[in-house]
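First chain A sits with chain B, and in the next complex the same chain sits with chain C.
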Partner chain A sequence: MAKSHKPVVWFPFAAGGTVIAFFIPVIVVLTFMAALGHIPPGLSYEKMHAFASNGLGKLIIFGVVALSLWSSAHRLRCTFYDFGVRADTLVAIVLYVAAIAGSLLSAVYLLQI
Partner chain B sequence: MSRRPLVREVPPTSWYFRHPRYLRYMSREITSIFVGAYCLLLVVGLQRLASGPTAWEGFLLGLRSADSIVFHLLALAAAVYHATTWFNATQKAMPIQIGEDFVPGNVISGAHYVVWVVLSFAILFLVGVF
Partner chain C sequence: MTQMKERLVQLEVLRYNPDTDTEAHFQRYEVTCYEEGVVLDALNKIKADIDPTLNFRWSCHMAVCGSCGMMINGEPKLSCHTFLREYEGVIRVEPLTHFPIERDLVTAPDDFMEKLKRVKPYIIPKEDKPISEGEYKQTPAQLMKFRQYSMCINCMLCYAACPQYGLTPEFIGPAALTMAHRYNQDSRDGGRKERQEVVATHEGVWECTFVGACSEVCPAHVDPASALQQMKITSSIDWIVEHMIPGGKK
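Presenting the complex of A and B:
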């Protein structure tokens, strides 16, 4: 039976695509409000810190950030190829390493809270 | 007489101008640039949150610039475009069969839209926007 590493890339990609579709638009709205000078009450340090101190909160934040990063990295890899960049292995390594580094950093920051 | 194999020349950097369908595909591809950049902003935000109240408030104040507003508008458009195209694709990606019949595609995509709207408003409510 043929073995492929593709499921390893594909599962987080599909999960990330779903997470981005459901959560990223509303999160962008929240930071957009902050950008316009109307910081929503829930984005105060106390509220955000309390949410990120909770184990479930850490898991939710990590899930959203890590899956979105991985999905974006995979989609960017396809985008580079479609725009005519043929150095796919190099592009894949750079993007996946960036996604993994971003996820690890997020985990470290969350554990510091 | 030898036949030359048919090789179609596909311009690698401009092929998507050949058909509106390809342009729509590429416009969806481009959304990943803004979503990816926004994800990096989230990682920076987590780092600021972990560094204490002053750092976090500095991060929120740092968002208040014309560049940031433009970036947020682009990221919002990209995220919403990604979401709608993703939900529209669900009926093709995971058709549901009950007995002999398939559940109509509009029902599958529609259910995703309903969940999306409810979730988004629930999060806005929890964060105290209204």
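Presenting the complex of A and C:
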């Protein structure tokens, strides 16, 4: 039996899982707070804009978005598999393409800031 | 001592006799058991008093031997460890799912035994040293790295719980892979590279999608899911070393 190449998709999935666990709940809470008009002073539009204008800031935002998307895509692929959908290649292509497209879009938007 | 309370227990047991039956069928039994009893007690009472033809495996009656695993109301459980008082109404008892039925509640464990062998579940010494040099010493910290994973009693409940094993029978599966991890983590062992030939394949850890049902049903609290996730990390690091670092060994 040959060794699997699964680490190519699994490593970013694991990294994304960690990112999701640490960042996404905070981002969701902050988004709701902002929507209700309670914006913490450190997270004002000007400060966030400055953060996204900075090269390192762009990289961090891109990392969070791309890894979370990849992780979610892979998780969804596994869920399809667990439910017995045996069209793994098709499912994988659709979900991974969606994750890559989302990541590219975020990169495009970040580079425009 | 106070009198132990008794209760009437209704069991619906899957029966299959390969000599006479073309299909398995359920048979209903009613038996009086102690309130504090377990499902295995009820089965033993049925065999003793009602139907001596009923077949099931058991040995220790104390969750150590791992032979009395069966599906109880659809969940893989040790029947010696499943209390009757936790159930109301008819209790449905079936053989462990994902394994071929031999007779009644007895299943054939051959597939698991063959897979267990393939992961080399024994110490492959790092270096051979003569007996005169004494024992291989281990610190408590080194012991703690694998102790939990050595608690497996080979009851195969994790295989019955794993949806991946049900869908892909080639999957090496939770208990056998956990045994590989147990020896990989042992400071006296040097066999990880050999085991990787099985562990790092598609049928090895990569068939696992981390459902986690194996760890939920494990009566020995081995937590096979954690062993498999740890092996995914080490297998991924291996992959990076092999493919992305120049001079990394194949």
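Assume the second predicted complex is superposed on the first by the 100 of 113 C-alpha atoms of A that agree within 3 Å, B and C clash if a C-alpha of one lies under 4 Å from a C-alpha of the other, contacts with A are read in each partner's own complex, and residues count from 1 in each chain.
Heads up, the rule we're going with is that contacts are C-beta pairs under 8 Å (C-beta built on N, C-alpha and C of every residue); 3 or more make two chains touch, one makes a residue touch a chain.
This one's a predicted model, so the numbers in the text were calculated from it and none came from an experiment.
Looking at the shared chain after the overlay, A:Ala15 reaches neither chain B nor chain C.
Of the two partner chains placed by superposition, chain B and chain C are both touched by A:Asp82.
Contacts of A:Ile60 after superposition on the shared chain: neither chain B nor chain C is touched. In the superposed pair of complexes, A:Leu110 makes contact with chain B only, with no contact to chain C. In the superposed model, A:Val94 lies in contact with neither chain B nor chain C.
When the two structures are aligned on the shared chain, A:Ser4 is found in touch with chain C, with no touch to chain B. A count of residues in chain A touched by chain B and by chain C gives the higher number to B. In the superposition on chain A, chain A positions 78-79, 82, 84, 86 are in contact with chain B in one complex as well as with chain C in the other. Interface residues of chain C, counted against chain A in their complex, comprise 163-164, 167, 196-198, 200-204, 206, 209-211, 232-233, 235-236, 239-240. Those residues of chain A that touch chain C in the complex are listed here as 1-8, 10-11, 14, 78-79, 81-82, 84, 86. Residue ranges of chain A in contact with chain B, taken from their complex: 17-18, 20-37, 39-43, 45, 47-49, 52, 61, 64-65, 68-69, 72-73, 75-76, 78-79, 82-84, 86, 102, 105-106, 109-110, 112-113.
Here chain B touches chain A in the complex through residues 12-13, 16, 26, 29-30, 32-33, 35-36, 38-43, 45-47, 49-50, 53, 56-57, 60, 63-65, 68-69, 72-73, 75-76, 79-80, 82-83, 86-87, 112, 115-116, 119-120, 123-124, 126-129, going by the rule given at the top.
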